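Taking it in order: structure first as structure tokens, then the write-up.
As written, the chains take the letters A, B, C and D, and residue 1 is the first residue of each chain.
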Amino acid sequence: MFNSFGRIFRFTTWGESHGPALGVVVDGCPPGIALSEEDIQPWLDKRKPGQSRHTTQRREPDEVRILSGVFEGKTTGTPISMMIENVDQRSKDYGDIAEKYRPGHADYTYDAKYGFRDYRGGGRSSARETAARVAAGAVARKVIAGVGILGHVVEIGGDRAERFAAHELPNNDFWCADPEAAKRWEALLDSVRKSGSSVGAVVEVFASGVPAGWGSPLYAKLDSELAAAMMSINAVKGVEIGDGFAAARLRGEENADRMRPGNPPTFDTNHAGGVMGGISTGQDVLCRIALKPTSSILTPVETITRGGEAATVMTKGRHDPCVGIRAVPVAEAMMACVLADAFLMHRAQVG
Amino acid sequence: MFNSFGRIFRFTTWGESHGPALGVVVDGCPPGIALSEEDIQPWLDKRKPGQSRHTTQRREPDEVRILSGVFEGKTTGTPISMMIENVDQRSKDYGDIAEKYRPGHADYTYDAKYGFRDYRGGGRSSARETAARVAAGAVARKVIAGVGILGHVVEIGGDRAERFAAHELPNNDFWCADPEAAKRWEALLDSVRKSGSSVGAVVEVFASGVPAGWGSPLYAKLDSELAAAMMSINAVKGVEIGDGFAAARLRGEENADRMRPGNPPTFDTNHAGGVMGGISTGQDVLCRIALKPTSSILTPVETITRGGEAATVMTKGRHDPCVGIRAVPVAEAMMACVLADAFLMHRAQVG
Amino acid sequence: MFNSFGRIFRFTTWGESHGPALGVVVDGCPPGIALSEEDIQPWLDKRKPGQSRHTTQRREPDEVRILSGVFEGKTTGTPISMMIENVDQRSKDYGDIAEKYRPGHADYTYDAKYGFRDYRGGGRSSARETAARVAAGAVARKVIAGVGILGHVVEIGGDRAERFAAHELPNNDFWCADPEAAKRWEALLDSVRKSGSSVGAVVEVFASGVPAGWGSPLYAKLDSELAAAMMSINAVKGVEIGDGFAAARLRGEENADRMRPGNPPTFDTNHAGGVMGGISTGQDVLCRIALKPTSSILTPVETITRGGEAATVMTKGRHDPCVGIRAVPVAEAMMACVLADAFLMHRAQVG
Amino acid sequence: MFNSFGRIFRFTTWGESHGPALGVVVDGCPPGIALSEEDIQPWLDKRKPGQSRHTTQRREPDEVRILSGVFEGKTTGTPISMMIENVDQRSKDYGDIAEKYRPGHADYTYDAKYGFRDYRGGGRSSARETAARVAAGAVARKVIAGVGILGHVVEIGGDRAERFAAHELPNNDFWCADPEAAKRWEALLDSVRKSGSSVGAVVEVFASGVPAGWGSPLYAKLDSELAAAMMSINAVKGVEIGDGFAAARLRGEENADRMRPGNPPTFDTNHAGGVMGGISTGQDVLCRIALKPTSSILTPVETITRGGEAATVMTKGRHDPCVGIRAVPVAEAMMACVLADAFLMHRAQVG
């Protein structure tokens, strides 16, 4: 109930940042889909830490192993268990924060809830868990084979990308589709890193090829599921569908996506972000998320100890100065899972 | 699965805009809580249409009747069924749109999914369903009796309220805590209504008195549940927790909510909106939502018919020129339900 | 969570024996199915009390009203809310048992759990709730239109029916397919009723026309779901699939249902009761349930009061001397719901 | 949804008979419970194959490894992932049945559903999956530390044990509490094994120390959950609670468990098996299950091939001549899981 996501295409993740391994069990994947580690590894590689100086220097190969649910190269309809071993735990780095709550982290709240402190790098609240989501997302992509999902960073530290050139995405370390912005961000992140600070980001994800009709009103609405999925990603503080908050500043006639005859019908605009009444319209499904700046900074901040004493804490460890960057493949994976689930729900309801 | 919300405190709504009635079954409410229609009706009255010239003129008494789950004035731990009869359906108003899809509405997507058109005022996709949510929320409030929940409109048509004077809320038709903004909005809405247009809004809801520890990582995180709850409300296109999108523009040291000794500990700031790692911090839980302008406008817009022909449609009917206003009690109700559910989940996990 | 049954075809019941009404919300019913009260009422009439001297004399018309989810005679894919008003509550009958726990009833356990006594005829634990299940089952039957479901009583008070002549079912008051047994049971029940006692029964239900492939291993196995469904019916203490307990006395070669070529393949026997590995085989799905004798008897039995004092209690009220008889339509309904759910799950998984 | 069991204490199993490993993720376990592999291994050892000549000769050490959810020897409230490697797969044994459906097995139904044949020892439908349940059950036992759960075989091949001497359980290979029956069963099983046949069994499980009040009417009734849990175990065809089918032959006054003053109150008898109205009474919770004879027999039986041709099949492989024996620890584990879940649900509802 607590560590599972999805209704029919349903995955359950397990594992802590500094345990021996982490993993995911994907239940509800239809049978007969070609699947091997090669389908999953590329997405994990995309998320993998330590790929540029702009992300954490923890070195994890993040090699995935499929332990069940696939026979002779195809899914069998039974649970797909995938495991990734933790290799570079180095938990001594975290020693001096064992007794202090780091502001902005889940340290205090986990302790308040569960009565313990897994000081080894955040334990279950670490973004390392997102590797399991990416593995689940890779399976989801195979379930909705006709759908393309693409995420990119649209803003770092308040500096917005101005154009979208998809072919530029592999040419920089930021999943940035605007080469000029990428240059500016490089300088920005170098400066942020040197000053021991961190910055936030905005990430956009869209899915093309989603037919009209997916999404189940009222409480499994496509946009509602997307909002839950995205807000469950570490550091996310805001979610928008389509125009999002900007829609609140439009007039009704501006916001109306006019329809035109066609098979399927076309729309003049996509203010709605491809979802109307919780159901896909056939246009691109578009989602935007805001990520706060990393809480782990090399600047001392006031806090308290487990015993309730005033203290100052500074996170040494290895961290991402901007978690938004590595959130891109995670957000893509969550969108894939939501869509795979919506597809299977639709199939159940309508055949 | 599709029309239920919540995991332990779980409600299921039913009913269409123009059917004989609508209702909700609340399951999982603990026993022994004093409950009667008088606890529920005031919240419904707050949401009720036709209370000012700025909302739809449909006249519905929205009288709630408790049909089960209460015995001798107290909840019994069994399902609480509540029903509200539809009185003022007047479905002839909708006659001329039976064959045309209204841009911005769920008309097309419901038809694409289910293969039918309930042209009587949106059927199940109508905001009328939110009355059932408000009834469920009233029960939820009783479950978390120590928690106060308050919503207000912070922006209409791009015009922001500048101050928060809670005692001003009953003095205007907009759930607005800034009397100057309320005056400007009055003029704005009069003009919008006369021109047959509509505007969007931003609503803020916060809960005080939530202890630290509620929320279940990783996929029943308090903020993730809130995001799902809010995005499931009609016309909502964006959700923020705490600073939301603004957090993406802060540096790590600005965003860190510093902690101070105390019992419970205190925080210098609340950028996090009362949720860290998906678990409540003990601060106010704060959520903001963006609502698009009403799609039903008196301006003709291009669309297509069910048969796929080009057409022009104009919604006559009775509508809210700004759905954000009446969304306030609905957003409050959804927050109450999310918190009641988080409380019961917490009790299950930790005792 | 607590008062819902099913995963995709999911119903939620509400209501108490002596409240104003009871009902059910059916969620997940596919759109486009012809449905009206006329489809549901006959099944309710079959379960209705007071139809012979062998069942309770409470007079309830059990008239069902569809409040949502149907438009122009067809299901819309949205929740179907159905309500039945209680007419003949006569709760004064129960007055003298308000303070005493009736042995064999849920009086004590409800009080131990919830801390209250709804002494008005069992409250939520009353078999009256099963009317709501029958209504849900009537909808389920429409979802799996090609499947026929038939229940009958095979044993009353230890006296077994010896033959199965389906056409005899309407000719007696016991859903008995053996006219000789029916005669014996008539005498038996008259004597039981006169002596203020009660007897148990065994009911068999089977479904024909279920294709091979329904049922979802491992924890939504068709037989596992059936067992849960049947054991949730009041007074049921045992469930068997196929040969059930008798299978434990067979040798492997006796129990093996040999297969023969055909399209679909045929089986020489059906020891398995149409389910293998949790999945339907294409044969009749067969289930048998044991119902204990009614606990409400006109014989005084030792018990205790709410205050913990020794006491003697005798249930006056109006009761079924053999609850097994009226359980037939309920068991049929539960099987219909399980099969409809299995069908929709199968469609989700396999398309 | 399909491979998970439980609502709050919820486990998800994965793995096939002949894959690299199998495992389980237990979600919802409360924090702060001492847990290590030593708490789990003894129960797995109890279920382990190859411990006497009366069970399959497959040699599996069934060594469990905890991969997450435990920190410094205590549960953390996060998912507990446990893995068991398969060692002795020897899948060549199964080669000649790759194309034939074995009567009584899930071969045909899995193929009918999923369109493939995992001929390697039954794949997911193999009883090997039950090792994962036993691991989950070991965790569940820790959650309900005051409850004792004991299972034993009461009947093999139609021969019933006549007395219950718990201390005899470790003295034979059959979890039999009657030493005379154990002797007879030894001879019976030797003869059955030699003749290449198999026999069924009846297993009884009871839980002592369950307080009154656990179980959630109406669709998470304790007995309904137990029925689902037990019927989901391989080869189970019948489930009884308390007197079960025998209750159908009692009169109301015989079946009534009379209550006596006390704290808690006592009952003269326990016909109900410790559950009334779906809620525990405080007496022993008692459940009995019927297991069919193993389908894998050394006797040739008629069947068909995947291609639909008539054929004869004989299972060579290594099998249990009586699966009922090794079902004892599995049934215990399932009862433990149901009770742990009921306990947590109760805590959620009532506090």
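Basically, a contact is a pair of C-beta atoms (placed from the backbone, for glycine too) under 8 Å apart; a residue touches a chain by one contact, two chains touch by 3 or more.
Everything numeric in this text was worked out from a predicted model, so none of it was measured.
Asker: List every chain that touches both chain A and chain B.
Answerer: The common neighbours are C, D.
Asker: Using the touch definition up top, find the fewest steps from chain B to chain D.
Answerer: 1
Asker: Under the over-half criterion for shared residue numbers, do copies chain B and chain C use the same patch or different patches to meet?
Answerer: same
Asker: Compared with chain C, which chain's mean CA position is the farthest off?
Answerer: When every chain centre is compared against chain C, the largest gap points to A.
Asker: Between A-C and A-D, which chain pair is linked by more C-beta pairs in contact?
Answerer: A-D
Asker: Report the inter-chain centroid distance for chain C and chain D in whole angstrom, where each centroid is the mean of the CA atoms.
Answerer: So the centre of chain C lies 26 Å away from the centre of chain D.
Asker: Take the average of all CA coordinates in chain A, do the same for chain D, and state the distance between these two points in whole angstrom.
Answerer: 39
Asker: Take the average of all CA coordinates in chain A, do the same for chain C, and state the distance between these two points in whole angstrom.
Answerer: Once rounded, the distance between the two centres reads 46 Å.
Asker: Mark out which residues of chain C touch at least two other chains, giving numbers and ranges.
Answerer: Residues 1-4, 7-8, 13, 28, 31, 77-78, 113-115, 124, 217, 345, 349-350 of chain C each touch two or more of the other chains.
Asker: Please give the residue numbers of chain B that touch chain D in the complex, ascending.
Answerer: Interface residues on chain B, with respect to chain D: 8, 28, 30-31, 77-78, 217, 344-345, 347-351.
Asker: Across the complex, what residues on chain D touch chain A?
Answerer: Touching chain A: residues 1-4, 7-8, 10, 12-16, 19-23, 25, 27-28, 31-32, 67-69, 71-72, 74, 76-81, 83, 113-116, 118, 120, 123-124 of chain D.
Asker: Tell me, which parts of chain D touch chain C in their complex?
Answerer: Where chain D meets chain C, its residues are 1-5, 7, 13, 101, 103-106, 108-110, 112-115, 124-125, 129, 155, 157-158, 192, 197-202, 212-221, 223-232, 234, 237-245, 247-263, 265, 268, 271-273, 275-282, 290-297, 299, 301-304, 308-310, 324, 345-346, 349-350.
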